[in-house]
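Next come two complexes built around subunit A: one with subunit B, the other with subunit C.
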Partner chain A sequence: MVNASKVARDFLVNIIAIVLLIWILFPFYWTILTSLKHPSEIIRAPPSLWVSEPYLKNYVLTFTNVEFTKGLLNTAISSISALFISLGLAIPASYGLARAGRGLRIRGKDSLYFTFITFRMLPVFVFIIPFYLLYRILGIFDTLYGLTVAYILIDLPLAVWFLTSFFEDTPWDIEDAYMLDGYPRYKAVLGVTLPMVLPGIIATSIICIIFTWSDLIFALSLTSKFAKTATYALLGNITFTQVKWGELCAQIMILSLPIILMSFYIQKYLVKGLTFGVVR
Partner chain B sequence: MARLHIENLTKIFGTWTKHQVIAVKDLTLTVNEGETVALLGPSGCGKTTTLRCIAGLEIPTSGRIYIDDEDVTDLPPSKRDIGMVFQFAVTYDNISIYENIALPLKAKKINDAEIRNRVTEVAELLGLTNILDIKPKGLDISTKQRVALARALAKEPSILLLDEPLTPLDPLSRTKLRSDIKKLQKEKKLTIVYVTHDQSEAMSLADRVAVMNKGELIQCDTPENVYINPANTFVAHFIGEPGMNFINSKLIIDQDDVFLRIGSQNLFLCRLLEFINKYGGDIERYEEVILGIRPEHIEISDKPADLEAIIELVEIHGNRSLVHLNVNDTEIIVKYPGVLVGKVNEKVWLKLQRERMVLFDKETGINLYYKNRR
Partner chain C sequence: MKSHHNGEPVNKDYWTVLPGLIALYAIAIYAFAATIYYSGTSFYLFEQRSEFVGFQNYLDLILWPRFHNSLFLTGVFCIGAFIQLLMAFAIALFLNLNYKIMHLLRAIIIWPMVIPPVAVGLIWKLLLDPVTGPLTYLVGPFEYFGPNTAIWSLILIDTWEWAPLYCLIILAALQAIRKEIVEATMVDGLSFWTKLRVVIIPKVMPIAILIVILRLIDAIKTFDIVYATTMGGPGNASEVISVLNYLLVFRQGFVGRGAALSMITFIMLWVIGNIFLTIVGKLRRG
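Moving on to the complex of A and B:
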């Protein structure tokens, strides 16, 4: 009886897993498929679920499309610089917040932490119009550093939120011992504590990159021509006369490839980082 | 090795918040060169905070800390020349044990040959010679603690701080490491501050025991004195397994003799002259006192003796028994050598060792012996 119910349960779990996988992966498959189809095949009804002769011109066209390649570069520059600036600010901030939680018990520590998180809790639309006006006044509209500043707004709260809990979970005794062994505090932090939260920092970075890499709303409202991102450039495929489905899907594939590769490569850090505070 | 002097140390956590916690209150303590002082007290009494202040890991709210007359209160931990072993063994798992022990020496910029000598020496003392080349990751906790101790010793610190280093160990390796520490302490004439909540550890390792409660230092004296002549009822009850028995009583003077009246029974305490010698002349001040006597200083007898009591419960602990008795509605415990069986609800007599009796003030709980000397 026990065996029978276990088999039934395993069966059910597998079914659910398969359904979920299809649910997640099918749109992705559809995108790859469309990117490899000839324009005439894309609009065929009923649609085919396989291409026998891949049509690679979609990809060739993508790389000759200046607007998209420039957009890709813009996305990369603004996402990565926003990430590094955010980490540069968030690592000391989270260290301080985590440390204050244990020994120092600084007044206002909780409200400070909450203020950081609040930026994440408000819907992004709250920022759009003030940002637009502000950027116009400051003259940083449609510039890469303007976009970077907006992306820091996405990255910083996330990074502070995650890293604070990572720092809270590191044993302070090791840092204390290192100081007593004759090294100043900054060396203890750099030499002992930071290596311990490294998986957490990497996981946080991936999540931040995913958010900024796929951002459209800030790009749409804060750029128009020079600092246009890749996501914005994707919209260029929708013209008055037609939607260039093939090229659109090819561009989507190229845009998501770095994220996918990165996630595969640092998967173990991601799992380790994300479960750091949960499983002990 | 050096002398440590702590003056009026106070540490308040959350000074500017609503939830202030006074961890250490006005503590003054001197640890002489080559002396071991154990900070003993229940958890949360401020003993670890005191230790962390000495190490420089906490900044005192007020008070000064001196090592050999040098004021170190404002120095960072790295500049204090202090070795510390934490409760949960701290080792650097990505470098070998040799490098672990050598790490503080490198910070001191000592040359390689000297480092090798010192590491070899402490490794030998702590039985780590064979495993110097491996990394501490995955080693059992007692070996890790030895590595941590070796690291603290190798740099020949002026003060060695031990924060409950034996608590997480299993009983066997605990006994072993304890005797090793004892040996080291005598051999190297270390100045040690040892934090523990285990009184047998404190009693066996320390030259003096500093008993703390609620952030205050209650008594700092030799283990014998803390045991025989505790400063107040807290120390009396905290030290000893089980702690001291307390019986409320009235002081009565009958011509040249002093008696304690317990319920309807009279217990001869001492001659009046002796009493005045010990507790001072103004005997009228103390009408009601608390009589304290340790469970091992009472004998149970069938023949009439000092006090009448009724046996309530007998706990048998192998070769001895703990007998719970009722004296005038107060429960007291007596250690009985051997096994006492089948005597519950029986009336017996108690014989108290007169020289071991301690009197405490009823209101403050302070030992009258000390009260008179303040």
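Moving on to the complex of A and C:
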């Protein structure tokens, strides 16, 4: 009797799990499928759930599509420059905040920390409208410089948000012991603390890249042609007369694959960082 | 241990925080000053004419049906986000079960939220296509982005994208809380309800509030998936606040009114954000 109810329970759990798997994965399956369909097959109703002869030309067209490849390059350049500048500012800031009152003399730690985080909660248009008008005056509208500055605004608060809780988790004893031995603080930090936080720094970098990589609103408002990003270029497949779904799905796959691969690394850091270390 | 600090000025260590803070403040002060300034003008993008109008833009907004509509839709979206959280909670309880398949689920559950939201919107636009979408197999042709259905379809898309994140957070919270609760419930002589009231709810509540507010802020800021699927249409049927703000400034050129709208959104988010940070502050202290 006990065995029978356990079998029933196992069965039910697995059924629910499979339903959830389908719910999560089906849209991805459909994207891959569409990216391998011939245009004439895509507009067929009802659609086919399988493709017997993959139409790889969608991918070939994607790589010869200058708007998209240039968009990818623009996304990569602006994301990575913004990341490095933001890390340069966020690492010392997070170290300082995490160490405040525990070796560093910084008062009002929480309110400083929250100042950084507040930026993630502001409506983007408070920034976009003045940025847009200023960029036109300064001549950096539709340039990667302008886009990078906007992306620092995404990265910096996010990086401080995550890194502070990662630094807080680092034991300080070794760093303190080094300094008691006469090493200056920067040597102790570089030699001991930073290597310990390195996995957290990598996770934070990935999270920042994911956010800027995914940005649409800044690119949409602050670029128009030369500095157009890949996400913006996706929308170029949609015109009044038709949607080039095959190429669009191929582009989505190319754009998403690198971040899906990176996502395996960040999972545990993401939860901890987002909840300010309250949830571990 | 801290003796090497004696005699040094108290504020010496601020240098670590200052560069980042100054960079953000420089941007923020300019942005706010400019937005407040523009919100008091009749700045029209395509003619570059502008005169000072005081609070006229704010008054116009408050009396503008299209703004009411966007507030209402954003509200609906927030309610959707709340229902989403309840679902996320149920799924988190499920993921907490000890089965092999859960490892697979936990590994892939993060995928919908790491890919660009605009891609999410476009994928679902394809999935929910009234004619060629795969759902026509199951339910027949149906207009998912019609005047009455668009906002609900968007909530569905938003659920697919964001519910997993909250599942993961709740899952982690459940695992953290479980230990403490198990310890606490060892205390004998308490009835189940007393334990629930005295032990479990005080542990769960703060994290629950934190998650709700985090979700609320993101729901109010939703832009990408709406822009990718409906652009606020048909008509104004899915025109949430951020989409209205974008169209107002960049399509119609009403910078002044757009700036006023972004200030109103700011005040809303600021109030919610402050409640949020107060709770986080309390949580971090104890």
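Here is the rule we go by: the second predicted complex is superposed on the first by the 240 of 280 C-alpha atoms of A that agree within 3 Å, B and C clash if a C-alpha of one lies under 4 Å from a C-alpha of the other, contacts with A are read in each partner's own complex, and residues count from 1 in each chain.
The rule is short, and it goes like this: a residue touches a chain if its C-beta (ideal position, glycine included) is under 8 Å from a C-beta of that chain, and two chains touch if they have at least 3 such contacts.
Note that this is a predicted model, so its numbers are computed, not measured.
Contacts of A:L97 after superposition on the shared chain: subunit C is touched, whereas subunit B is not. Contact with both subunit B and subunit C is seen for A:D176 once the two complexes are overlaid on the shared chain.
Applying the stated contact rule after C-alpha superposition, one finds that A:F240 touches neither subunit B nor subunit C. The partner of subunit A that touches more of its residues, comparing subunit B with subunit C, is C. Once the two complexes are overlaid on the shared chain, A:Y186 sits clear of subunit B and of subunit C alike. In the superposed pair of complexes, A:I24 makes contact with subunit C only, with no contact to subunit B.
On subunit A, the patch touched by subunit B and the patch touched by subunit C overlap at residues 103, 105, 107, 176, 179-180.
Of all the residues in subunit A, the ones that touch subunit C in their complex are 10, 13-14, 16-18, 20-21, 23-28, 30-31, 34, 42-47, 49, 89-90, 92-93, 95-97, 99-100, 103-107, 110, 112, 114-119, 121-134, 149, 152-153, 156-157, 160, 176, 179-180, 210, 213-217, 220-221, 231, 234-235, 245, 248-249, 252, 255-256, 259-260, 262-264, 266-267, 270-272, 274-280. Subunit C makes touch with subunit A in their complex at residues 1-2, 4-5, 8, 10-17, 19-21, 23-24, 27-28, 30-32, 34-35, 38, 91, 94, 97, 99, 101-102, 104-112, 114-120, 122-124, 126-127, 131-134, 136-137, 160, 164-165, 168-169, 172-173, 176, 206-207, 210, 214, 217, 220-221, 223-224, 227-228, 242, 245-246, 249-250, 255, 258-259, 261-263, 265-266, 269-270, 272-273, 276-277, 280-281, 283-284. Interface of subunit A with subunit B (complex): residues 103, 105, 107, 171, 173-174, 176-177, 179-185, 192, 195. Against subunit A, in their complex, subunit B makes its touches with residues 13-14, 16-17, 19, 55-58, 76-78, 80, 82-84, 86, 88, 90, 92, 94, 103-104, 107-108, 148, 151-152, 155.
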